[in-house]
Amino acid sequence: MSFSSIFKFLTPKDKTFIPLFEENAKLMVEGAVLFNKLFLVTDLAEKSSLMIRIKEVEQKGDEVTHRIFEELNKSFITPFDREDIHELASSMDDVLDFINSSSQRIRYYKPKHLGEEFVELSELVLQASREIHKAISELRDLKHTFKIKDACVRINEIENNADDIFYHSISKMYENETDPIEIIKKKEILLSMEEATDKAEDVADVLKSIIVKNA
Amino acid sequence: MSFSSIFKFLTPKDKTFIPLFEENAKLMVEGAVLFNKLFLVTDLAEKSSLMIRIKEVEQKGDEVTHRIFEELNKSFITPFDREDIHELASSMDDVLDFINSSSQRIRYYKPKHLGEEFVELSELVLQASREIHKAISELRDLKHTFKIKDACVRINEIENNADDIFYHSISKMYENETDPIEIIKKKEILLSMEEATDKAEDVADVLKSIIVKNA
Amino acid sequence: MSFSSIFKFLTPKDKTFIPLFEENAKLMVEGAVLFNKLFLVTDLAEKSSLMIRIKEVEQKGDEVTHRIFEELNKSFITPFDREDIHELASSMDDVLDFINSSSQRIRYYKPKHLGEEFVELSELVLQASREIHKAISELRDLKHTFKIKDACVRINEIENNADDIFYHSISKMYENETDPIEIIKKKEILLSMEEATDKAEDVADVLKSIIVKNA
């Protein structure tokens, strides 16, 4: 029996951290939905409004993350190890940051055309966000840890998949795209999208660590 | 009353960490002043000598950072939480690292022309360094924590400002610059300068955490 | 006498972490040897088989790293500070990750020609890996800490050396290479190789911290 398990009996039901994590997971999915939509609409005004909304969602996420850090500094008792709470908050914040930075790069770099691989990557980012949301909802009582484990397995698969799409897109682009400036723009956007799934994997790593310690 | 506050009464006045942090803050400002000057002088020999001096300042900063880590490993009692001291030293080191790496990129990439946006970004890096210096001077007695808070607020504003300038410069460059090699060079330099302000924000985050815990 | 030294007498000889670290150090050297070979063979099929083997080695390394994290979460007593074990495992994993990502970039980007600077950098990555391997073998009994210190000094020299080669190669490339797409490809590959040595320096930093605490 681990230290954390002993303390669990003494710890009052958390009413601070879990709701904040749930709020951030919801914002992450919201950002990922808007981001995915960006590749499905063609109207420029609509695209522009989506990018502004993604930035707003990211700023809301920042505020929630800061609240988690503040609570962490003030609280003596926490539902999980302090470093895991810190790491979970940071990595969830990173996912939304990279979603927003991908959107901002599209906004400011104005690439001529974004092919099918961008749609696919945005779908993977959305799937990863949904899996994180599912896992976070299970943190409250930790009764169905297998659901968290399953979500983590799927996040790992999604990240591997994103990695493959990333490398193949870059490879294809070097072969077919003749305008070096377009290559630079697209590479930066693809990179930022791929990094969003990398950060989702970091979230999965912390979640796995929380489960093991609270088993 | 937090754990740290209880210990504060028992802790002898720190004579190890605070002076080292002050030394590093001074080096950071020194590096940022030299870096800003780089965009104001036109003489090539003078530019070259500035770049060499920036590298020297960065190496001195490295030494101070290593001394902080060594003291941290040896000390049983520290003026703040160990992880905060570690994080503060690393993030301050990162600011100076990115100032130097921006300078080195200019040195080795030899871009043809660096416009007004580079001057502006270098001023923001300098402002952020001065704010960090001010905040660090308040760590010694923590009597005027509002001054640290104010510095953190300004560092956040500076970072937001740098982010805007970064994206607008990149966007403008993609529209006006026709030489892809110049784009690559300038993008890398802008990125490194923007990252210096990102790291300044990391410094502000640790400072905020130190204040909350020692309130 | 530090806390860790007191505990050392009480700690049973570690049979969990050290063997896993040794396994990972061996995999790192294996990956670095294969990677260095990549620049020495000319046969395309052989190159391709080397890249596949590097990826396999990296995946094995991932598994060992995950096992270390799992053990860390389960263990109450550890041979070194928990955060040092975590940091050592992560940074060793990063070295092998960057070796593989350099190899993958060569595989997918298909640059036309990789000059002498690539061979040199791959040799430095290999040297750094061997130094890490040597240092890790000394962790078991910590009787010859000077050997770990020496390895760390050499890793720092290797990293400085790699940094110089990196900047000079980039600088030379900007002067001589006229195809911007080739510049983009090579810059990304050089960057990833240079980052492998950066991560080796992170490994050295943790090793130094472990020595100081257990002195």
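For reference, chains read A, B and C in written order, and residue numbers begin at 1 within each chain.
Please note the rule applied: a contact is a pair of C-beta atoms (placed from the backbone, for glycine too) under 8 Å apart; a residue touches a chain by one contact, two chains touch by 3 or more.
Quantities reported herein were computed from a predicted structural model and do not represent experimental measurements.
Interchain contacts join each chain to each other chain, per the touch definition above. When the CA atoms of chain B are superposed on chain C, the rotation angle comes to 120 degrees, reported as a multiple of 5.
Because chain A and chain B share one sequence, their contact can be compared position by position; here under half of the interface residue numbers appear on both sides.
Distance between chain centres (mean CA atoms), chain A to chain B: 27 Å. Counting only residues that touch two or more partner chains, chain B has 180, 184.
Interface residues of chain A facing chain C in the complex, by the touch rule stated above, are 2-3, 167-168, 170-171, 174, 180, 183-184, 187, 205, 208-209, 212-213.
Contact residues of chain C toward chain A in the complex are 69-70, 73-74, 76, 104, 108-110, 180-181, 184-185.
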